[in-house]
Structures are given as structure tokens and as C-alpha cells.
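Okay, so chain A shows up in both of these, paired with chain B first and chain C after.
And now, the complex of A and B:
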């Protein structure tokens, strides 16, 4: 029973001992009592000729041991630039009143009307606490608050997660409640009311200004409005084998209250496609949405594939499909690259229309918001990540996003046939993240 | 709650608790009672944590999940992966003699000091359920054939000693602490005044007629059941069959079983104590030496270690 070869095993055993004990030290440090773990990221999102956004995120997580985990997150973003109003381009110069009622802006012939007054800073704070509540069951409670110039959002969420079958199956049930209060610049416009434009009809000087203001106020119904959203989620995650994991989620979301975008407009055109007036949009005050999500992750020896599909449908008749795929290739023990490809397709809301016909009676609901129209969108990106010797990790992500609105069968009448009512939105995204 | 206590001694504190079926002791080179109790509590919690996580006598831990999986894959965490990797290295280094799946042999071998030797057939019945090379594992999962079981008993106590010692270094980087779990020992650093710690290690007092007793490299008396060793820093572990053996027709069957044959190792020493940098390393070397049977001392000499060997 004598060992035949490598008779002196002390050195090899010492190496194995060191890696055993050091591995465990690391494990303990992760669970360490005073160790906050931080994830930070800064993101730039820029649309060609439209909005750009800079966003900073700091997320801090503390593990108090025994799966008691506190996560807090702070997000600050600044949005600047112009956004499509919903009005159609025309062959002549168009004049619009700013949403505040103070001043006007003009749109050149053949150009899509964009409102360039957008400038906003948003501050978002959230906190979540997770702990085991029963054998193999964890519970998370959390709350969040988000504030921007014309918006306040507060919410609370609770979820429970339970492991079954040697932790090979995990079931999740979650509920959340969100209350949003919107305080639009210039007040909440009356649905489908005409946008008031000062073309000299109120006279000049202080009297003219007072006349305009009085008339402008008549197009406003209140200073602010609000909405509430309730979400429910049920999900199951299944470990299929040591390489593969599958997740299935169903979620239901119900929003009610003020669901309009107070800054979105529609053009009312005559039979020749010429704008007669501009009206404020109106959407139903309730929206119920169902979505189903399936995700699978597969680990190869040096790569991980992550592919997901989401189907969503709501009672506004918007149906969407999203396919998202990420492939992470570990090019060394410390570096990886991750290509990303995402495809999105949606059908238009039943009340979406690119413009209104002056000859027709006003519909109850109407919106020309391109985000409610038929469209496809594609994202192509690449991420590179590196883990440093001190255990910190950084990553850089660059992505290109293109949204292509489609004509959902509406006729481009008269002069509109020579205008591009469905221009693409192109954006570039750059993110740098750092974990320590 | 986990019971522990501290007592003042001559210039140091003694913390004690009972864990892993052993009396456990901490010698803490400080006069600060608060610090001593903090260290004792943390070390005891760590030992209890490892016992509850890796004991095969419990039904609520990872070892239980793995052992009742019946061929299914079981998810494992990082720490379990580290221990499996270490066990795998030991299996390779010992050319299959150290095998954490060999615990099922105890279903037929009951080492209670009796003459109850199992029949050859009974041994052959359980032998197909032994064999580490049939076990597959990676960072996240382990999969064993049906009927297989693992047992970290061969390294668990020593691992707990090292983990507790590591924790002591973290809590009190400048203080010497001796961690002693039932004779498996780790000292974090030399004591301030340059004194050695003295630790008692268990040695078999009783000896069989046909075997002569001798200590190697030892300053202790071969008639006592406890030997006192001086230790400044590092690990110390003992492997042996002081109370666990079978005796039939004057043949003593050691509780150290050869996983390849299913039978006890013959003609080996009854107890081996090894000193090394870390307790788990010392424990492994002592066990591997015992598995060499009559070549135990040759093996130990090749390793160039300080050891105490009792035949």
C-alpha cells in the first residue's frame, strides 16, 4: 500500500490547503459583517437630433449573514434635448405654443415637430430588504421614491421566493404598488382641447398677454393629476442540469388614473393633409397588461448564453414580442466579452392615429405618440469586462439602438404623402460600470 | 444557544465549548476578558456552523441533500465546492486511498471494540458504492451514482480548527490563540513572551501483546494516554484508532479502511500525530500515513515532517 509515485506530497498538499482556506476566507469576507459591496455605473444615451441622457447609478448591498441582505440604490439622470410631439410635418412653417404657455417655437417645413424644451433631472432612491422567513423561503420588502421637476413617484413592493427539490426549483411571487403624481409644466391640458396659439388675436402689450393667459388657462383642467399602478408577478426558475437554467414568469399590471402624456399632441388635417389645428392627446384612464417571459441560460465551458423572450399584450391592443440574447465569452480568467442582440416588435394601440381628420367627429381617445404606434426596434451591443487583482470589476458597454416606427395602415392623405411621418429614432449608448 | 465559557489562567484566558462530539478549547494570549469572550464566541459559532453544515449526522444540511440525491444533481455552494476540491486533491495524492465516499463501508464495519468481523460477502455488497472517481462535480453541482454517500468526517474537524483559527487572526491579528478541537490543534502565532503553548494530545494507552510500543521524535512517556506537546505556531493533528477497533483471534482490525478492498489497513501504527503549517494539512498527512499500513513511518520520513508515531 505504499504510494508509488510523487512520494513527497507535502508541497502539493500545502497548495491545496492554501486554496481551501483562502477560498473560504473569501467566502467569509463576502458575508463579512461590515462589508458593503458597491456597484456604480455611468451611462450616456444619445439619440440623433433628439434627447440625450446621462445617468449615474450607485447601488450598495450589505450582507448581514444568514441571507439577510440590504440593498440601496441611488439613480440620478439628466435629460436634455427634443422629443417628438406627435404633430405631423407640413410643407410650411408651423408655430407651436410651449407647454408652459410662455412663448412659442417654430418648426421648419418638412421637419418633424419636436419640442426642444425638455430638460429634466431625476433623482431616484430605492431600498430592499431580503431575509429568510421560513425553511427555504425568502422574503423581500422594498420601497422607492423618484422625483423630477414635474413628477413624483412613490412605491412599495413585497415578494416571496421559495426553493424546492434541493434548490433546483425556485418559485417567486411578488406584488408592487406605485403611486405617481404628475405636475406638468403649464398645468394638465384638457383632453383633445385645441392648442392655443397667439397669432396676434389678443392684441399687443400687457393686455394682449393677459388675454392670452386667460384663454390658455381655459385649455387646462387642473395643475396636477395622478395614477396608480399595481403589478403582480409569478415566476418559476428551474435548474435543468448543471449547465442549464430556465425561468418562466407571468406578470399582470394594472394602471389607472391619468395615463396621458401632457406634452403630446395630434394634428387635425383637412382632406388635403393640411393642418387646421393641433389638439392635446387623450388616452383611456385604465390599462391592464399581461406578459409572459421565458429565459434560459446555458453555460458552456468558457461561455454563457442567455436568451429570453417576452410576450406582452394589453387592453389598449398593444401586443409586443421581445427577443433578447447575450453571449458571454470568457477570454481569460479575468476578462470577458459579451455581444448583445435585442429585437422588439409591437402593434399599435387601438386609439393610435398619426393625425385626425377635420371632417370627422372627434374620437373619444386619440394619441399620435410614436411609442404607442406600430414599430420594430433593434439593439446591437458589445460589452467588455475585466476583473482586477484586488477583486474589483469594471466593464464597458457600447450599444446602438434603432427604432423604426411603421405605418399601421393609415393613409398619408394630400400633402402628407410627401412627408416622413414615421422617422426612425437612432441612439448610441455607452456605459461604464465599476464594482467593488 | 451554543454554550461556551471562558476562564482566566496564568496570563491568558481559556475558552471552552463542546462541538463535533469533542471537548474544544481556546487558549487566548490576552488579559482582556472581553476580547477573550468575543473570540471564544466567534470561534465557537464558526465550529458550530461547520458542524451543522457538514455533519453527516444531520438531516437539514448539504451533506444530507447530497447523500439522499439518488443519482440526481445537487446544487452546492462555494464552500462545499472548496471542500470537494480539497478532497479530490487528497484522493489523487493518495492514489485513491483517501476517499470521502468510503463511509458506506461503516454499514458493515462497526468498530465497537468487539470481535464482530463482517463476512466477505457483506463487504463485497457495499464495495460497489465506494469510488470517488465515479463522482462528478463542478462549481455549482455534484452528481453521484445511486447509493453513494460522502462523508467529510476525515477532514471536517481539522477544517473547523483552521477556519476558527483564521477567524481568530481576523478578530485579533496581534494575539496568539491556540484552537484545540478534540486534539486537533492550530496556533495562530507565537505568544508574546516567547512561551510555547502546551497542548495535550490523546495517545492510545493500551497496547496489544504482539505489538511493541515506541514513540519517534517524542519526549513523552509511552505509558501515558495523553502526551503533552509544546507548540509555538502551526497545526497539529492526530489520526488513530485509540478507541475504535475490532479484536478477533488476537488480530486487531484498525478503523482505517482501505476503500479499494473494503478491509481495514493491516499492520499499521495505532496512532500518528503530525505537525504542519495548518491543522488540516497535518490531519491529512497523519491519515495518509496510517493508510500506508506498515510503511507508515517510511512515508512520514519522506515527507520530512515532525511526527509522533505510536505502534
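And now, the complex of A and C:
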């Protein structure tokens, strides 16, 4: 009897201790909400035979209470591989000078010219601070800096949002300013100047090298150049009903300054499509873009549909349509799968040319960069996420991205008719994320 | 070399902006009739219903598409950057 009573007391004490411990754990968890929250991810992006990229992200957010929120983000990426130069494939071997002017590379017959010297590491830091400034009104100020070997980008942004109608409507207005400085390997090429190729015309030995270097320098206008971009964003978010909300944005973006890609080229061909010379591209020094973005999210009991559409147009005559959809299925309290489908279509810039004709006079602006040409692109992906007992969450995402450049109505003259001027680009994306 | 595709006139920014502003204005005006009461926000408050619930993924994707396509931004600021690959 005595023993039994003592057992009961022990059991009661154990229960009480557990309850206390449990309460302590719960208190710690509540306290945890005021701590930093981290979202981290590592992404691999690899194109078949072209560029590959590894990118890591650490985003840290701290809620100081009363809607005072600080977010900081660090992004590091490293890129290697080959990129299309814009020159056309030919039936014979082609020789190109490296952008630095040091050395050459050759391209096999029938192959699209790729510059395989791309190697870069980028470091980006950004910080945003949000706080209330007036009744139902919040303000966010932010800044960012991004540095890579040949590039520096710094920027600042400010935005204000205000809730209306019982917080069912939120209006946002924001401005951003970005300054970019580019310091290309080998200097900034003179627009539409001929790429200089050392075919022995400068002689041999040190004298030949000095002669080439002097002539190469004449194709460069400076060591660096810059551009500025100003963005304005107007947005409205609306709760439609208990399950649905929509967002509508209009944004305007104006870039001015050096908008060329200093590594992109164009082939000048004769009437039979044979390359006569290679020139550096030239784009206008101003670009004004308008876009409308609409997004809706719909909550099912165990799923979320997220669908968005973007229409964009600019004064380079590029018009694009983007449809993006994600369906998240919560297969249990802790697990979800999320298929992703994205379709993109753009028309070509007015100065886009797959090549130049030697018989014509040089246009003012010209670029053969396929990214300014007509194209469609599709992304298909799947994400799986799991929330662990400690509240941490991991997810893995795999996607396939394919770009299909199109002929925007240009003739493939002479020997070019037997070359593939618009090859597809295929890429795989793999990402692992961890939130804690 | 000729661009043999017939080009439709595409320079419509001013009209385009006007239409967008009118549309946005109408939407704001009609907003008073939409929405929910504070106690009906159970589903909307779910983490997976936040507009930026995949924020890190979106940032990574926007970097890829910025580098590979002619259009960027829309959801938020388009910003600057190189995209020279």
C-alpha cells in the first residue's frame, strides 16, 4: 500500500515535471518567433554544352514587433561555360579573337560560335527595412550591392503600401534607382567596329604582338562604361473572398547609358551567306519598358493554385507574354508537392539581325543576341517540401527549361540555309532549400 | 537582307498606360464590395497563401530569366544587372 502510494506520487511528480518542461519548451518556441528566421537555398543550373551556374542564397528576416521587419539577403553565384556570341555558323572553320585580345579560339564547321571563356563569381548583398509610418500604412526602404569580376551594381529602393476597406485592399507605390558600372575584359569595344583577328598580318615575335595589341586597342573606346535604371511600380492587392486574392501591378522601367553586351558579335556576310567580317554589336542607349502583372492565389482545403500573367512592351519593340502557374498539393500536414509550369514568348527587338549583309551600309543599331530575337520558352518543374518535427522545413525542386529561338522572318541566304541559326537551349535546374 | 514579316504597329505606350490606369482605378473603386471580415481570414492567413511564399525560389528564377530573356521585373522592380551570359 505504502509502495503503491509512493508510486502514485512519483507518477504525479513525473507528470508535473513533464508539464513544466513542456511549458518551458512552449515558452521557448514563443520566444523563438522573435528570433531571426533563415531561408537558405542552393541551386544548380546547367545548360547542355553551354553555361552552368551554382548559386547559394541566405535570407535572414527578423521581426522586431509592431510590423518592424528587417530582411537581409546574401547571394553568391559562380558561372562557367560557353555562351553564344551572335556570330553565325559557317561551312568552314572560323577563328575568333578572345574578348581580352589575348589569344584566339576556333569554331568547327557547322557549329554555332560559342565563347567558352565565361567564368565569373558574383556576390550580392541586400537589405530591406519595413515599418508602419501612418495608420494602415507601411514603408519599406532597401538597398543592394552586387559585385562580379567585370561588373558593379548598386541600388536603392523605397516603397509605401496602405491598407483600405478592412485590409481587403492594399495599394503599393514604389521607386527604385540602380547604378551599374561595367568593366569588360579587354575594354569596351567601339560599336560596330570589326573584330580584329591576328592572321599573321602583324608579323611574328614581339614586334608582331606589339603591332596586334596597338591595332586591338584602336577597336576599344574605353576601359569601362555605366548605365542607370529607374523603376516605378504601382500595385493593388485585393482579397476577393475567403479563398481568393488577386494582385495587379503596373511597372515602368527606364534604363539609360551603356546597354550593349560588350561580348556580343554579328557576322557580316556576302550574298552567298559567307562571313566577310565580324563586328561588335550596338544597341540604343535608352530603353523604356512597361509591364502589367496580374497574379491570383486560390486556397483549396488542401491545395493552393498560384497563377500569374505578365505582359511587357518596350520602345525596342520587344513585346512579351509570360504565364506562370504553380499548384501546391498539401499531401499531409507536413508534406507537399508543387508542380510548376511556365510559358514565355517574346517578339524580336527592332534592331535584331541574325547577321549583317556586306552589300548594305552598316545600320545604326544591330544585335544578333538571340535573347533579343523572337523566341518561346517553357519551364516544367516539380517541388517536394517537408516540415520536420522541430519546425524546420526542407524542399527539393527539379525543373527543365527550354528556349526555342525563332526566325522572325529573316532570309537564310546562300550557305546559311544549310546552317541552324536558331538552335534550342536546354537547361536543367536543381535546387535544395532549408528554412529554419 | 529583309525582314519579310509584316510588322504591326507596336508603339502604344501612352494609350497602354491610360488603359492600365483606368483599369486600376476601376478596380480600386470596386474593391469596397469585395473582401472578407477579419474572422474569415483563416485560409488567407495560411503560410502557403502568402504572395511571396516561395520568395527565395522566385529570386533565383528571376535571376535566371533576367539573364536569358529580354523581359524582366513586373512582379517587383526590374532593377539593373549585367546578364552578360
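Methods note: the second predicted complex is superposed on the first by the 402 of 436 C-alpha atoms of A that agree within 3 Å, B and C clash if a C-alpha of one lies under 4 Å from a C-alpha of the other, contacts with A are read in each partner's own complex, and residues count from 1 in each chain.
What we mean here is this: contacts are C-beta pairs under 8 Å (C-beta built on N, C-alpha and C of every residue); 3 or more make two chains touch, one makes a residue touch a chain.
What you see is a predicted model, and the numbers here were worked out from it, not measured in a lab.
Asks: For the overlaid complexes, name the partner, chain B or chain C, with more touching residues on chain A.
Replies: If we count touched residues of chain A for both partners, the winner is C.
Asks: Figure out whether A:378 sits in contact with chain B (first) or chain C (second), or with both, or with neither.
Replies: A:378: touches no partner chain.
Asks: Please indicate which partner A:185 is in contact with in the superposed arrangement: first for chain B, second for chain C, both, or neither.
Replies: neither
Asks: So, A:317: does it touch chain B (first), chain C (second), both, or neither?
Replies: After superposition on chain A, A:317 lies in contact with chain C alone.
Asks: I'd like to know which partner A:242 touches here: chain B for first, chain C for second, both or neither.
Replies: After superposing on A, A:242 lies in contact with both chain B and chain C.
Asks: In the overlaid three-chain picture, which partner chain does A:166 touch, first (chain B) or second (chain C), both, or neither?
Replies: both
Asks: Which partner chains sit in contact with A:69 here, chain B, chain C, both or neither? Use first/second/both/neither.
Replies: A:69 sits against neither chain B nor chain C.
Asks: Under the contact rule defined above, give the chain A residues that sit at the interface with chain B and also at the interface with chain C.
Replies: The answer is residues 166-168, 239, 241-242 of chain A.
Asks: Going by the contact rule set out above, which residues of chain A touch chain C in the complex?
Replies: 39-41, 43, 45, 51, 53, 55, 57, 59, 73, 75, 77, 79, 83, 118, 120, 144, 146, 148, 150-151, 153, 155, 157, 164-169, 171, 174, 176, 178-180, 182, 227-229, 231, 233-234, 236-243, 245, 247-253, 255, 261-263, 288-293, 295, 297, 299, 304, 308, 310, 312-313, 315-320, 322, 326, 328, 330, 336, 344, 346-347, 349, 353, 355-357, 360, 371-372, 375, 377, 383, 397, 401, 403, 408-411, 413, 425, 429, 431, 433
Asks: For chain A, which residues are in contact with chain B within the complex?
Replies: Touch residues, chain A against chain B: 1-4, 6-10, 12-14, 16-17, 19-21, 23-28, 166-168, 239, 241-242.
Asks: Help me check something: in the complex, which residues belonging to chain C touch chain A?
Replies: Listed in rising order, the residues of chain C that touch chain A are 1-5, 7, 10-13, 16-17, 20-21, 23-24, 27-28, 31-32, 34-38, 40-44, 46, 48-49, 51, 54-57, 59-60, 63-65, 68-71, 73-85.
Asks: Which chain B residues qualify as touching chain A in the complex?
Replies: 65, 69, 72-75, 77-79, 82-83, 85-86, 89-90, 93-95, 97, 138, 140-141, 143, 159, 162-163, 166-167, 258, 265, 276-278, 280-281, 284-285, 288, 291-293, 295, 298-299, 302-305
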